[in-house]
Structures are given as C-alpha cells and as structure tokens.
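Labels for the chains are A, B and C, by order of writing; each one numbers its residues from 1.
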Amino acid sequence: MSDPILTLEEVHTDIGRYRILQGVNLVAPRGAVTMLLGRNGVGKTTTLRTIMGLWRARSGRIVFDGADIAASPTPAIARAGIGYVPEDMGIFSDLTVEENMILAARSGPLAEARRERIFAAFPPLRTFWRKPAGTLSGGQKQMLAIARAMAEERRLYLIDEPTKGLAPAIVAAMASALRALKAEGASILMVEQNFSVARHLGDHAAVMDDGRIVWTGAMAELAGDRALQERLMGLSLDAHGGR
Amino acid sequence: MTAAPGHNPTFAARGPAERLAEAAPFLLVPLLAAAGWLAIPQGSSWLTLTVSGLAMGMMIFIMASGLTLIFGLMDVINFGHGAFVSVGAFVGVGALAALDGLTGAPSPALNALALALAAAAAMLATGALGWAFERAIVRPVYGAHLKQILVTMGGLIVIEQLILVIWGPSEIFFSRPEAFKGALTFAGAAIEKYRLVAVGVGLALFLAMRTALRATRIGLIVRAGVENREMVEALGYRLRVVFVGVFVAGSALAGLGGVMWGLYEEVITAHMGGALMVLVFIVVIIGGLGSVEGCFLGALLVGLMQNYVAFLEPKLALISNIGLMVAILMWRPQGMIPVVKAK
Amino acid sequence: MLKRILSGDMPQSRALGLILLAILIGLAFAPFLFPGTRSLDTAARICVFVALAASYDLLLGYAGIVSFAHTMFFGLGAYGVALASDGMGRSFGALAAGSLAGALAAAALALLVGLFSLRVRAIFFAMITLAVASAVAVLFSQLSGITGGEDGLNYRIPRALTAAARYAEEPFLGMRLTGKVLNYYLVFFGALILFLALLRVVNSPFGRVLQAIRENEFRAEAIGCRVVWHRTAATVISAVSAALAGSLYAIWLRYVGPDTVLSFEIMVDILLMVVIGGMGTMYGAAVGAALFVLAQNYLQALMGAAAEAAAGVPGLPLILDPDRWLLWLGALFILSVYFFPTGVVGRLRGR
C-alpha cells in the first residue's frame, strides 16, 4: 500500500443531526480494487458520497492523488478524475442512452474504440442506444451507470453496490465487465454486499461498522477466515453470498 | 454481437393506452379549439379568436418558459419574474420611441428592423437585470422555498416601484409601427397582422428552444439537471454556472415577452408583469413545472380559453382559466407533462 | 390568570411586554387618549390589522405556508357584511348574518383551495392562491350589479353604531360618547377576541403539530401526523379569522370596494407586517401591524416633507415621493427576510 490513490484521514460527516461517519481512515491503493464492506447502515454509501463532495465532511482530510479535496465542490472532484456510480444509479431517464453517454464523456466526444469496448461489455446498450434510458430494465440501467463511469479515462472509480437487486445472470455480466476494467489496471473503490463478487474482484478489503473502519487487510485473508467475518459483520460472508 | 450469458435484451412494447396517455396533452389544444368551434356561432369569429388566442398563448409561453426551467433546474421559484416582463416592455417601447426614424419610415423592412432592435434592447436590459437579481436576491436563499417566495416577491415590488420612479407614474400609450398595424381578411375573418407576427415569433422560439435542449451539450445538461442535479455535478459539470445562464436567458425571454405584450396592447404599465404572472403561473403549473413542452401546450390552452370565454361571457375569462387549471390538476396532479425527479 | 388568557405564551422579554402593554392600553383607551376622527380611525385600523396579521401568521409563521389569498378571505368577510346590510337593511341581524356568511364562504373556499393544492405540492399553494385571489378580485370588480364593481358599496349600519347616537349628554374625558365610540369598542373587542383565540390555537397541541410539520415534513409524516389534514385545517382557521377581521373592518368603514379590501396591495401590507414584526410569533403580528399602520399614516407625510426639502437634488425627490413609499417598504422587506428573519419580536427576545 505504498502508493495510495486515495486516503481518508479521520473523516467525520454529519447528515442533519445524525453523526454518520465518525472518523473514517481508509487507504485505496493505486491500480487495485478495494472493497468497502459492512452491514447496512454503517456508512459505506455516505463514505463514497463524502469523497464525491455530495455530503460535506465536517472534519478530516480526503487526499486524492496528493491533493486534499475535502473542501472542493463536486464538479471539481469529478474533473480531478473520479468516476462515480451511485447506489441509485443516477440514470437520466428522460435522456436516451446515447445522450447519457455523451454527457458522461465530458472532455470530448466518446471515442469510437471506447464505445465498442463498452458495447462488447454491455451489449444491450448497443441495442437500445437511441431509446430513453427510463425505459431500460433495472439491470440495463446498472449497465448504463457503469458504462457512464467508463466513458472516459478515470483515475479512480467509486462504485456503489453494482449488483444490488439484479438477477444472477446479469450479476455475472456485471462482474465480468468489472473484471475487464480491473484488468486494465483501474483503481476502484467499491461497496459490495454480494460476497462472491466481492471475493473474486477485490484485492483489498476494508470493513466498516458504526461510522468507522474496523478492519483492513487483504481480501484473501478475510475470505479465508470465517470467524473473522462473523466477528466483523455478524455473519459469514460464505453463508450470505455463496454459490 | 455476443449477448451477456442468459440475458436476452428486450424492450417492452408499449400498448395503445400508454401511447394515448403520452399523446393526450398534445391533443388537448385541437380539442379545445374544436370545442370553441362548437360554442361560437360564426366561423369567422372563431377564426379571429383562435388566432388571437394562439398569439396570446405564444407570448405567455415566451414569458413562462424561463420560469419553468429555472424551477426545474434549481428548485427556485421566482415570484419576481413578472418584473422582467414590465422592464422589458418599458425598455423596448422606449427604444422604439428613440428609433422613430425607422418606425415612421414607410418601409416594412425598416419597421421590422426597429422592432427587432427594440426587442434586442429589452432582452439585453432584462438579461442584465436577471443576472443581478440572481446574484443579489436569489443566491442567498437557495433551498429555502419560504424565503425565496418572500424575497423574490419583495424584488418584484422594488423593481415595479423603480419603474414608476424612472418612467413616471402613469401608463404609456403608443402605437405600433405602420407595417404591424391593421388586419388581413381571411375567410371572412379579420386577423390582425401583429398577432400573426406573435404566433410566428413564439413558434420559432419554441422550436429553437426544443432543438437547443435536444441537440446541444448545454441542452442535455439542462435536461439532465432538471431530473438529477447531483449526478450532473458528479459528472463534472458546474451546474451553478449553467443555472445562472438559464436564469439570464429566462429573464431576457421574459423581457422579450414584455415588449411583445406591450406592442399587442399598445399600452404599458409598471404592474403589467405582475398581473400577467397570474396566467404565467397557471401555465407552468398545468404544463408541469420544469417542462418546456408542457409550458408551451399550457400557454396555448390558456390563450385559447381566455379568448373564447371572453367572447362568450367576458366576466368569466379569468375564472375559466382557474377552472382549466383545476381540471388539469385533477387529471394529472403534477401537470400535463410531469417532469421526472430523481429525489 | 393572565397566563391563562395568553394560553401560557408569555412575551418572554421585558421590552416586548412593555411594547405589547403600550399597544393594548393605547388601543383600549384610544377614544380618550387620542381624540379626533383621524386618530380613532387609525386605532380601528390597527385593531383590524392586528387580527388580520395574526391570522396570516398562523399560516406563514406557524405552518410555513405562503398564501397570497389572504385578502380574498378578508374581502369575503367584508363583502358579506356589506351585501347583507345592503339587502336586509340596517340591523344587527344583517351584521351577524353577513359576518357568518362571509366566514362560511371563506371556510369553504379555503377548504377547496387547501385540499386541492396542498395535496399536490406545498409550493403550488403560493402560485394557486395568487391565481385564485386575483381571479376573485377581478370577478368582484366585474359583477357590478351585485358588488358595485370598482366603486364598491356604501351601506348603512345600525344607528346605535353611528355618530348620530348619543349615549351621554356630557363629554367624558373630552370625548363625546356617541355610537362611533361604541362601534370602535365593537371592533376593539372583536379583534382582541380573535387575537386571543389565535394565540390559543397556536399554543394548542394542534399548533405544535403544525410547527413540527414546518420543521420537517417527512419526519412529521413518519411519526404519524396527517400533514395535509393539519395544513388544510390551518388554512381554514386562518381564512375564517381573516373573514371575521374583514367583517369588523366593514362595520367600521361602512364601505367596501375592491381597492379597500381585496387589492394585492393589502396582501403586501400583511406580508410586511408579519415579516417585520416576526414570523412565527403572534405578538410579532401585533407589533408589526401596529408599527405598519402608524408608519403608513405618519411616515408618508414625513416623506412628502423630505421630498420637498430635497427638491434641489436631482433624483432624490422622485424616490422620496410619498407615492413611492412601497419602494422603501419593499427594500425593507427584503432586508428583513435576510437579516432579521425573526423580526422585531425575535430581536427583543434575543434570538
């Protein structure tokens, strides 16, 4: 972990009167996939939203590639090279798939090669290219959400539960697309509840509880230690997301 | 093309009912026109009224379009929008008076040039005013509807009073340039030339706006921002800057609407904008806050309704539009073309 | 005792208490403290507007709803008295029937507008009330056969309430005890009862639920408050109170017209009173209304004098013209919303 792309130091975030993040310390190494794990409601989504500047950290430092972005506005954080896939996917349903992609490629037109690569990973997007995104199925919307993050070269991807609520076949397609992204050497910080996806995709794991990171280490170590899983998350990941 | 394993892309075919529901708002305008045809005894009166209803609708659309986008994009409801209408009318009419060399000339081309210059002056003035208004009045109260309504209403009062200070307390009567006076006769109906001009300008503006919203990147940002502001920013766009642009453009359009309305009535007062806001609000509510298409259809409905009813029973003209609003909201509580909101 | 009359809502500030006491005493003894027709007229206006502003504050300050239809309800009450007196002849029965009819009409209309627009979206309420109120104002000035149109209606009220009635041979403390004085006390006690009733409403459990909804609609909904029901009920109570204040005004003036009781100017006046006095406190409405009516009566004269004094300076006389007094009020209004959102009362209570 000598070369982190993103470091959070003692980050506190309040939402209204509620203290959601209570001193998060997190390191995401460059060129690797870091899985953010934990039970529901422990602050995983809030952590990603705080990094994007969608919630303001009350205190603490968020260092992205050497620069503190904790006080930067959201557009500046995105421009610094972070691609974000929110939990609700954030699809513009009134716009066509194509228009969604045009917006995602902010710095210029979507390159031909990149588009073909996205079509190869997510064939339905080619089929429905000119259709309003609102008419896509849930799985297709999730594909579009990830494709949008891939529309440009990003230095870091923040992906919030990409397989949530999807049929198993679509989960497999999603996982293979994410593996391809990983194979290109992308840095990814991802929230994932589906353990089989998390175990196969993740290099590192960070487990949250009650607004703090309570364990960090190699994904393999966590995957191999059922007792640890149970202690950290109250249940065995194998029992939860196993095949 | 290899499909993902076990996944066959499908696209749910939409049934006729769904298609009808989508087309229904677009059918309302011809439907209302047909109802007018049945209610009004002479065909020629109907034609005259329909044209003036459309002209009125187009002008109200020009004033209302900015308001609806401003709300859609930033959830800002600007009760001071009417002030831009009044200021636009006074600046435009003032410019026309200064251009009497052109307005008085016997050439229609020079008359039209005078009109265009007056419209440009009005838009420039109200656009600049809109920029200042956004900075000074609206910016400190983002996200607080109650304060927004109060403060922008205060802004309306102050600007109306300043108009009285600058241009004097009485209304200003004037007449249109020669080329825009008089009427054409068509199928026995007298149709004022200026109303045709208003219909043409309104239609052109609507089409231009639609194209801009669909074919330009800024247009896409605006449409996406109406639906999900956060995500547009998370893609790296500074929506605040875009919003200021929309606010300025919307204010300039209100100014244009004001000049056109002033020329239509041939009299302007400081309170004309405030009074027109009643119709403008009805239009944006029945259209669906944030929807330009809805605003356009709503404006045409309101214009036609106002003219038909004013002919049949003058006292009920405004009440009939309240009735129209009630009927449409009973049918679709979010307006004819509801805008998808992420949150 | 006092605490019960005020529904437990004490002024909580010595200065505020003194100001309120001064207003109360000033109004209660106005016929004797400030003799003269014009002063009595001002005092009666203050009484009516205290009640009117308080009824508006129930909506704006406590429920957090912006309505632009408050003058419409005020006007309904006023026109109720006028039309009843016009149709039934001068009698106390006509005054009562007119007030009741106006209040019922206001309640019905408020119920309709409230159910209709609050159910859809709270932000619609401001726009829809603006549209409905101006439509009604236009209707009232066009139906000249019934309402007298733009000219309004002059009507006669019971002789016992006019200057023609004498109740004592000798002047008392320099004031002739005529029906006019009796009329004033009708207005004064009517307004006082309305104010105290509103004070009770906002300090009841109902009022607290309203404030909970204002603070956080979703949370209130989540803990089981019927948001639409409470907001609509607040709208109806506020409308009925406004209508009754309108009836008092009509009894005092013996005239109603669109400009006097229905115009948008009055709506702006009410907004200013509530905001400057302090939103969300009934006392704010009272202080705001008293200040505003006094300022309206005496400041305009001052502005006229200032405009004359500034005659040499270009531009200045124009903006100091008494007719431009709304310019200054508008600016004051914006500044108050920004810098004194809690108004005079909030300042005095140190918040």
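Observations on the model:
Keep in mind that, in the parts below, a residue touches a chain if its C-beta (ideal position, glycine included) is under 8 Å from a C-beta of that chain, and two chains touch if they have at least 3 such contacts.
This one's a predicted model, so the numbers in the text were calculated from it and none came from an experiment.
The central chain here, found by comparing per-chain C-alpha centres with the mean of all protein C-alpha atoms, is B. Greatest centre-to-centre distance from chain B is found for A, with centres as Cα means. With centres taken as mean Cα positions, chain C sits 57 Å from chain A. Taking each chain's centre as the mean of its C-alpha atoms, chain B lies 35 Å from chain C. Our note on geometry: chain A versus chain B, Cα centroid distance of 42 Å, whole angstroms. Chain contacts: chain C has no residue touching two or more partner chains. Chain B contributes residues 77, 79, 137, 140-141, 145-147, 149-151, 153-155, 157-158, 160-162, 164-165, 169, 274-275, 277-278, 281-282, 284-285, 314-315, 318-319, 321-322, 325-326, 329, 333-334 to its touches with chain C in the complex. If you check the complex, the residues on chain B that touch chain A are 1-7, 9-12, 217, 220-221, 223-224, 226-228, 230-239, 339-340, 342. Chain C makes touch with chain B in their complex at residues 60, 64, 66, 116-117, 119-124, 126-128, 130-132, 134-135, 138-139, 142-143, 264, 268, 271, 275, 318-319, 323-324, 326-327, 329-331, 333-334, 337-338, 341. Residues 52, 54, 73-75, 78-79, 84, 86, 88, 90, 92-95, 99-100, 102-104, 106, 119-120, 122-124, 126-128, 131, 134-135, 137, 139-140, 148, 169-170, 172-173 of chain A are the ones touching chain B in the complex.
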